[in-house]
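When the chains are written out, they are named A, B, C and D in that same order, and each has its own residue count from 1.
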Amino acid sequence: MLNIGLLGCGRIGQVHGRSISQIAGARVAAVADAFEAPAKALAEKTGAQVMEAAALIASAEVDAVVIGTPTDTHYDLIHAAAAAGKAIFCEKPVDMSADRIRDCIKAVEAAGVPFMTAFNRRFDPNFANVQARIAAGEIGAVEIVTIQSRDPSPPPVSYIQSSGGLFRDMMIHDLDMARFLLGEEPVSVYAVGASLVDPEIGRAGDVDTAAVTLTTQSGRICQITNSRRASYGYDQRIEVHGEKGMLRAENVLENTVEIATASGFRKAPAQHFFLERYDAAYRAEMAHFVDAVINQRPVTPGITDGLRAQILADAATLSFEKGTVIALG
Amino acid sequence: MLNIGLLGCGRIGQVHGRSISQIAGARVAAVADAFEAPAKALAEKTGAQVMEAAALIASAEVDAVVIGTPTDTHYDLIHAAAAAGKAIFCEKPVDMSADRIRDCIKAVEAAGVPFMTAFNRRFDPNFANVQARIAAGEIGAVEIVTIQSRDPSPPPVSYIQSSGGLFRDMMIHDLDMARFLLGEEPVSVYAVGASLVDPEIGRAGDVDTAAVTLTTQSGRICQITNSRRASYGYDQRIEVHGEKGMLRAENVLENTVEIATASGFRKAPAQHFFLERYDAAYRAEMAHFVDAVINQRPVTPGITDGLRAQILADAATLSFEKGTVIALG
Amino acid sequence: MLNIGLLGCGRIGQVHGRSISQIAGARVAAVADAFEAPAKALAEKTGAQVMEAAALIASAEVDAVVIGTPTDTHYDLIHAAAAAGKAIFCEKPVDMSADRIRDCIKAVEAAGVPFMTAFNRRFDPNFANVQARIAAGEIGAVEIVTIQSRDPSPPPVSYIQSSGGLFRDMMIHDLDMARFLLGEEPVSVYAVGASLVDPEIGRAGDVDTAAVTLTTQSGRICQITNSRRASYGYDQRIEVHGEKGMLRAENVLENTVEIATASGFRKAPAQHFFLERYDAAYRAEMAHFVDAVINQRPVTPGITDGLRAQILADAATLSFEKGTVIALG
Amino acid sequence: MLNIGLLGCGRIGQVHGRSISQIAGARVAAVADAFEAPAKALAEKTGAQVMEAAALIASAEVDAVVIGTPTDTHYDLIHAAAAAGKAIFCEKPVDMSADRIRDCIKAVEAAGVPFMTAFNRRFDPNFANVQARIAAGEIGAVEIVTIQSRDPSPPPVSYIQSSGGLFRDMMIHDLDMARFLLGEEPVSVYAVGASLVDPEIGRAGDVDTAAVTLTTQSGRICQITNSRRASYGYDQRIEVHGEKGMLRAENVLENTVEIATASGFRKAPAQHFFLERYDAAYRAEMAHFVDAVINQRPVTPGITDGLRAQILADAATLSFEKGTVIALG
């Protein structure tokens, strides 16, 4: 039985709490949050103890921690948890600064603890199926990856202002997905963007509509488009073209019902947003973490995956700001 | 070069005229119609001569006739054309009376001329593909056939009154398709129906909504539904379930465009009606006839297929009228 | 908090136990089973007490019972639970005999307790959506209902022998669905069937391939096909044609991934079988029961729905055996 | 009746000849080709006269010319036809050199003759439907355009060598489509590419896999991907995301048949290549030309559309060669 301590009991902490409840080999042993109410509520639901974060990390009854606190607290919590020898499951982004992530990598490697960067989309059953079939050779060598990712509606400008910008806040998921599917590291990044959805976002110095092109050493290409708006639900699609064929994962619709009338054949919108769309992915990523820690198998995506996605997001931001192509080491 | 004489220059005669124009090895040599205008128009378009029907049939310059005149004239024209040794392409139904079709069979067999009953749907590229793949064993032995066939809107009651009723006028196409796909002759027929679309149709003694169940000696089952109404276009679908899997042909939509909005994902309606939906089928059936006659290969569907479909339509009508199951010889 | 006693801790009892665990207002208070091991296991998972069935029904700590025991025990358990004033959730079929169901109705009505017949498919989000939109008038008056229902593979002949036959064991779900969608009671039943999948099933006096046609007073038609075999997964589709259009619910596939190669565009098979396909439906039906009992709202489908489905299954069986159409009161 | 002279009787000339035959208000009056055989064959089929190109252009019996000769002959033929006052339908590209196209524009404008650049894809019923619905405001202002275009298999290297390179030979269609759909002129072009399909193509100095990003003044984005290989047929898809929703045109498959087996649900490959896929588009573009010339309505796309597409293709080629973003006037 893996005893897990939850650091952060907000929306994502609750998601992870529910996932752990459904895994045979794990339980929520302790919870911590800056606010009392959410910590207490989650504790009641799961039978966990409420503790201070430091005490939770230090507790002998906690084998692993799930870090679901604000991004700027990750750095210290990772260092503390690593020092305490706990396995670490950390929400993305690991940190807003690539250099600080490098610090974390040192701490984690020095401690020798398992570390998982929670890029949940790798565990979506559809996207995971695409990647597994690429790995199995079903379409031969990858040539072109196309990723479409659109939120149903923009967040408030207050959120935008502290988000690090679209490329670091939203596209980082797609940049990780690109690495997951390309099978090679990107060597160039080109980004364009505009504020077409909400002028307030533009005035806040960010974009709400963007596209990135990545290339790899051998010439593979990835194109990504992002928008903070999609009237038809949470638009999450990937497509991979290889030498033998093409694999694509379509949106998950609200249901399978189709109505036919004089205006044609109409299906439901896409599932509304990430909690619903990635429900299975959240459960699968936690199951992977628990299984890997218990059975001492590699945890993936690891902390260097977190670093590389951040480097790509930084490069995309820079490319957009300068209007030039950015070459990567 | 096969010289074809068109008997009947109405809507369907014009369709066949266009088809012949696109076939390398055939030409419209002569046309005949009770009215002068359509005959002249078709002659101009195709370069054919306008003739009286009797003269056309007798003409040494005509190798084959296409009978597209009203049903009650088929009997005499078939006898005349057979006696003149012409290959015959005849619109369905061959005749409203099974006994009179039996007479025609005798005449055609005595003359030894090729005869094709124009069940055009067998030549629809989608349906033909389904049948070819059944024949190739892709789904093993057939178990259940499901046919959905709905017109976009009901014909005028005046048409209904002389149509022979829905089972003979509309469902006869599906009954032939059932035979085409089942691979065995039906041994029982059960029909239900109602007037749900237009009460005038009910008052005229006919139905506008109907369903039939057929069974074969070995236990194969076919279910057919018909309606004189479908807001979403001409609904023409078949599905065949066999021991190894299922084959189905979906509707042909007006285009491949999909729009996604807050109300979901919407595609175009089905192609509107038979001239559009079966355009390729009309061309393919004529190409088959010309090729078979020129190369002295079997013409199919033949006149006995016309007879058997009529027998099934008669049995369905009787089943509906009596409310009982009808056993077939 | 609704305290629920589970009668029967086999596969379906475990499903209901899991569903209850996810409902805020209910808990598994007690469990009973003829065998100790499954009862103990389910008790451990849910924190419930293990009891004898009679004691469970009598217990003051139990507000409602879930009957998931073998069909031949339902009659006595329903009578006992009704007498004890418990709300009752009962697996289908209520009983194999319509007369004995009528006895149960008397007992339930005399006791005035809520009773739910667990026709889970009514709670499938796709099928429920179709029914809700019919009720909302989206396609106008219903004209034709088509139900396709196929198991992935046949059960062992030993199961067949005590199953009551395909019409009572398998098609009863579709007969209930027909009532759910037609909006009118069937007045005639015609059934055909054959043993095409497994000759052993035929030798055991049952069919594995069947079709039924239902009609209602106003002329609405329902066609149902069943097979004990479908290579492509659990085939569960409904389609409803009405005056204004058509609503259909397609199969739920294992994922949304499509591969394109020289052989075409291929998607995943349908979800394999009922536990997976109707997972959401099992949760939704229990949520409905708990909500209705707590808030004293009508429970549906009720015990008369269980009776009517059984009457239809009996009529279909008789129709098949006699080869005739059966009229219903 | 518009009398058309066909310059060039190769594959594309034959396509246009067939299209003209199906248009009521036009006929092929004369044909010319460097080789006698194809000219004679086409003349026989259409009833046209065989002439020398110069004589054809000069002929008083020719109202309009269709230029389907090799690209390097377009310049002289356009000048001659313009001087002769003929309406001109010209295959793409107008010329490989933007400057020479500017010369042609002067000649055409000086002569005041109608000129159509044959970007046939604008007339594909699916793509035309997308553009018409954008114009009608169905998705509001355009934000992101995604174009996927892949040939089934690469041409021989000999063709590649004189093609001007992928961006000018293949992607020019997509660059025109981008302009058609964006509704604004691109102001920046970024291109990447590699030789992943056939190393011979790389050795010939070209790419077979490429992607382009375009931006417009207001911030609209277009992403295009091209490949010289697609195992599943001719991959031709467009997708446009706007403020109110998304419009997309999927591939046209060979038929509507789907087979379901243990390996899932499989549909036919995409239609194989351009003659089949754009058959309707070829007919529609000629119908537009004939109608516009006869009724003195604007012909579109015009010669400046040919110029702008060429400028974009040149910019993409330069961007790829330099590895930088190219700003456009």
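Quick note on the criterion: a residue touches a chain if its C-beta (ideal position, glycine included) is under 8 Å from a C-beta of that chain, and two chains touch if they have at least 3 such contacts.
Labels paired with UniProt names: A, B, C, D = Inositol 2-dehydrogenase.
No experiment lies behind these values; they were computed from the predicted model shown.
Annotation: B-D is the more contact-rich of the chain pairs A-B and B-D, by number of C-beta pairs in contact. Ranked by distance of CA centroids from subunit A, the top chain is B. As a whole-number value, the distance joining the C-alpha centres of subunit B and subunit D reads 40 Å. Averaged C-alpha coordinates put the centre of subunit A at 57 Å from the centre of subunit B. Multi-chain contact residues, meaning those touching two or more other chains, occur in subunit A at positions 230-232, 244-246, 260-262, 268.
With chains as nodes and touching pairs as edges, the resulting graph is complete, every pair of chains being joined.
For subunit C in complex with subunit D, the residues that touch the partner chain are 230-232, 253, 260-270. On the subunit C side of its complex with subunit B, the touching residues are 141, 143-144, 146, 148, 150, 188, 190, 192-197, 209-211, 213, 215, 218-221, 223, 225, 227, 229-232, 235, 241, 243-246, 323-325.
Only residues 125-126, 129-130, 133, 138-139, 244-252, 255-262, 268 of subunit B touch subunit D when the two sit together in their complex.
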